[in-house]
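Given below, in the form of structure tokens, are the structures.
Two complexes, one shared chain (chain A), two partners (chain B, chain C).
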Partner chain A sequence: MKGSVVLINDINKSFGESRILNNVSLEIKKGEFFSLLGPSGCGKTTLLRIIAGFETPDSGDIKLDNTSIINLQPNERHVNTIFQNYALFPHLSVYENVAFPLRLQKKSEKIINEEVRKYLSMVKLEDHIKKMPSQLSGGQKQRVSIARALVLQPNVLLLDEPLSALDAKLRQHMLIELDSIHDQVGITFIFVTHDQQEALSVSDRVAVMHQGVVLQVGTPSQIYESPGNSFVADFIGETNFIEGTVVSVDDKMGVMNVDGIGKVNFYLDKPVKTGDFVRVTVRPEKIRITKEYPKIEGHPHTIVLNGIVDELIYTGFQTKFFVHLDSKVLFKVFKQHVKYFMDETPINWKDPVYIWWNPADGYLVEVEPR
Partner chain B sequence: MKKINYGKIYTAPLTMWITFFFVIPTSIIFLYSFLKKKLRGGVLWEFSIDGYTALINQSFFKVVWFTVVISIFATFLTLLLAIPTSYFIARSKRKNLYLFLVIVPFWTNFLIRIFAWISILGNNGFLNNMLLSLGIIKSPLMLLYNQYAIIVVTVYTYLPYAILPLYSTIEKFDFSLLEAARDLGASKLQSLFKIFLPGIRSGIMTATIFTFIPALGSYAIPLLVGGQKSFMIGNLIARELKVTMNWPLASSMSVVLTVVTTIGIFIFLNTNKNKSELKNEN
Partner chain C sequence: MRTNSGINKRQISLVVFVSVILFFYIPLLVLILYSFNSGKTMVWRGFSLQWYEELFFHSSDLWSAFRSSLIVALSSSFIATAIGTIGGIGIHWYKFKWKKYLQIVTYLPLIMPEIIIGVSLLIMFAWLKWKMSLFTIFLAHTTFNIPFVLLIISSRLDEFDYQIIEAAHDLGAKEIDTLLKVIIPMSIPGIISGFLMSMTLSLDDFVITFFVSGPGSSTLPLHIYSMINRGVFPVINALSTVLIAGTVLLSVSSKNIQKYMFK
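Moving on, here comes the complex of A and B:
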């Protein structure tokens, strides 16, 4: 496989008073599709610009296959970038845009022609070779910039929110295409995004960043199912937090006392002592909702809560319910529609409902010893 | 109901202004260039091409050549100074302050500013006195009354006219393009010449026209700082008008200057336009 191992070692960066990156270290594997995910201002773009060579870190090192590139100019690094705003050269045609890096290397006209056509057909733009960038749609522009970044066969491709300027449908489409381009060229992709859907759907691994710190690195399912802390749990998807004081612990399960709910069972994903303050996250789609009292078999630790539907949002494939208990504690519950018209009795606004979940579906995110 | 074209009404004052103060005088000059001269100025109403045949002589071509060379040098130097300055202003946080400073000279009369240059460059001027007192030179340098003085003052005069259009193009320039060029293997110099300069081409063109055309028509600058030998077309026209009192010749020179400049701009604009249009069609 082509591509490089990217080693990011203890990078620090400040702009004036504000600390943008704080001791960031990451190891990105050869040929991996790696995402840097975080809200805007978390430092992910700055980190990408440091790898590309547009910013110099205050301290730390970047290695490509064990060779430090930190002192190289951007044009000396075997790393290419896809910019958020495409950054196509407006005075050059599609062909000349893609040929630009090859011309700088003084390649022969024959090689240029072959390479440009090869990469333009990879991004399915062979019919638009002679157009100017101003004549292309957003998606086409982004494809040109992909072809232009790949034509030098870099070891690493950096993608700076490449899909954020496209509309939702096209974004989905381009995402799948990026994934297949990644499979074809086999080089390391570092993908910066604030969109957790994008990151989860294509990445081999994801690093979640917040305020200049890497909070968690893991596969998409690790990040979603066992978030490293409550910020990650909250940022990735939607969730319910249940927090309280531990009243008893046995070898696999614990029981906590939650204000407004009472005793709640949870699995010991982390070591816990009686008296600790714990926070458990339960994803809304893992909570069941019915109008009749449920018959629960095989899950002796499940507790059933009753509440009132405050609000419901029908989104086609699922309905989002916002349920409050008598104690005003609020729960988000997502119900998947396998067969909507045949679904028991439909649940409406203000209906009294029962909600419950299998404790194994919750995840213990945080423990504060007391 | 009849549709009224308000556009014509709105532009009427401007149309009238241009007709009275531009079209009519130009037509008069054009007309005079085909008439016979009166002995002490003015024209005789008889058709003649004397005004044009008199142009075909070496001394006129020498003046034209001198004018064009001076204007080209001055324009080139102006652009050389204006591009980095505009770049600096466009990238600075205090744009308004710097733009203000660029415009400040307009508050003082043009002629007074030329006299200021005389007091800077003169034999007893600021620059010579400073160099003398620093011991760098032993006797005053002849900085004034030569073609270099014309170029210096022309550059000074038209610099704001070059900076302003360049600033407005550079300010709109997408600087991430330079990063993209660097990313794709261009050195700093390559990204400057292959991406930045083509990117601000329209500003460079405007600045060139704004500098070159008035430089071609210079009158006061060569008169005041150029000395006896430095005659530009403008001075020649003035001499024919006021000294030799040959109005048809002065008119024919003006017509030639106007026609040549117009054709020049036309070709200049069209070559650039054609290039980009051609690219679009392909």
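Moving on, here comes the complex of A and C:
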């Protein structure tokens, strides 16, 4: 049996006066690649250290497959950790680092040799077996620490920002490899990161944390497309917020009045009454931008606004437009270049433009009854 | 006219370098030279090995003092290294109540004048009614060596990350496994330097040893001092030459050992 269900039940933790974790409860499925995502200082590492057994929570419980492990020492938990700075033993070779946990268990030399080689080849380090940690690159050290943590076949692997010390290209590469290692070993991964790209690209589910509170748990697309609140919407990717007072509601759509813009349609992702204050998020890549008034026959609900291009940033695969509406509201609009860029009629700085989107592409994040 | 001050700077530093070398090595060279003098005074009377012969075949007191020095140095360094290592690890990795004060107290002997340490040990041994012997010298040397070992071990441990210890626990190590298989092996370079440092300090020490030695328990530095009082320079020259050669050999080989061990 591989992997464990991890139940985190109502964990609280304070350091001195400050509350670091606030009633944190999570249920992580067997074999899941689960990410803890949140800004720096929100308590991710603390939660991970509580699961590993390096910190004791003030209250709450941690269960692996329905057995509480809260009173066990780190060396008694079938949970292993990948540390951010690798934490390799500097006096041991790559081989001996990976053999270390097996030697503690007094495994025979033959088994040690087989297991160490198996896991070192899984992380593609067969050729560096004899090297000392000081002779390895950052990426290679990280691989050794992965092999070392997996060699005991733990039920859960905890990874605390394992890629943050690597450069961007290598990070991407290691992420893909982590994903394939996860597929091979099939155990539960709990992956801590403050990088939303990382979390979205490999996770089965993501928990977004902020100031010691879990704000939302969901699949990457749930988190991205239907964020639980404005913080999540803003923290994950980039977005635009439109807010106003609801003036009318029918069975599927509502209309709000936005200061300086006027009437804007939105879908009723949550129940809304006339008079409520609502906030809708629209991702920049879902907004279209053209110089001419768009053809919207057949799409009567499309929202069309006009403004001036305030700034534009060309990034190769897309251009980011910052469009100033009459009302001083700034909108981000990302245009993908699916064709050779030079073929398109270019939109330049200070050009008057129309921006438009389908209300179905927005998401109603917050409703405040009035 | 020369205006290039860069050259002047270089000349100045060259002059400084050469004069330092001269001041440092000329006395040694003179000493080595005179160890081969056939006369007894500082007047050159021709080459001879008679002082070496004297040193190696007719100076049994000196050799027994040398043996005492070695015994004291080896035993006190060994014990001081053991205590200093355990203490350094304890202070570094474990948290306890009076840690800060303990740290200050352990480093105090480093800055205390030797003569005070010597006198205080003398008073303590007298109070205990212990006879001065090699054993009291051994105790004294162990005492002043411990802080040096502590200092060296601590600075070595400072370079390591506490997460390494956590990683060891995480991978199944108990407290004792962590100590024996991670912390101590990791500190080996520090332990070796601590031991070598202790050896040097112990072999060198005159002041403290002077207070705690008794009849028949002379170390090499004490013996040399008494020989100078009796006015037998040339043997000391020969002895010094042998010691210089030994020191040079030792430092070269310890470099090589370190290179081999810690690449």
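By definition in this document, the second predicted complex is superposed on the first by the 363 of 370 C-alpha atoms of A that agree within 3 Å, B and C clash if a C-alpha of one lies under 4 Å from a C-alpha of the other, contacts with A are read in each partner's own complex, and residues count from 1 in each chain.
Going forward, a contact is a pair of C-beta atoms (placed from the backbone, for glycine too) under 8 Å apart; a residue touches a chain by one contact, two chains touch by 3 or more.
It should be emphasised that the depicted structure is a prediction, and the values quoted were computed from it without experimental measurement.
A.B. asks: Superpose on chain A as described above, then tell me if chain B and chain C fit or clash.
C.D. replies: Once both complexes are aligned on chain A, chain B and chain C clash.
A.B. asks: Contacts for A:93 in the overlay, against chain B (first) and chain C (second): which applies, first, second, both or neither?
C.D. replies: The first partner, chain B, only.
A.B. asks: One more residue to check, A:130. First (chain B), second (chain C), both or neither?
C.D. replies: first
A.B. asks: Name the contact category of A:81: first (chain B only), second (chain C only), both, or neither.
C.D. replies: both
A.B. asks: Counting only touches as set out at the top, which of chain B and chain C does A:54 meet: first, second, both, neither?
C.D. replies: A:54 contacts both chain B and chain C.
A.B. asks: Under the stated touch criterion, which partner chain does A:108 make contact with: chain B (first), chain C (second), both, or neither?
C.D. replies: The answer is neither, since A:108 touches no partner chain.
A.B. asks: I'd like to know which partner A:315 touches here: chain B for first, chain C for second, both or neither.
C.D. replies: neither
A.B. asks: Report, in rising order, the residues of chain A that make contact with chain B in one complex and with chain C in the other.
C.D. replies: Residues 52, 54, 73-75, 79-81, 83, 85, 87, 89-91, 100-101, 104-105, 132, 148-149, 152, which sit in both footprints.
A.B. asks: Which residues of chain A touch chain B once you look at their complex with the stated criterion?
C.D. replies: Residues in contact with chain B: 52-54, 73-75, 79-81, 83, 85, 87, 89-91, 93, 100-101, 104-105, 130, 132, 135, 148-149, 152.
A.B. asks: Chain A touches which residues of chain C in the complex?
C.D. replies: 160-161, 163-164, 166-174, 177, 181-182, 185-186, 188, 263
A.B. asks: In the complex, go through chain B and note every residue touching chain A.
C.D. replies: On the chain B side, the touching residues are 174, 176-177, 179-187, 190, 194-195, 198-199, 201, 276, 279-280, 282.
A.B. asks: What residues on chain A touch chain C, complex-wise?
C.D. replies: Against chain C, chain A makes touches at 52, 54, 73-75, 79-81, 83, 85, 87-92, 100-101, 104-105, 132, 145, 148-149, 152.
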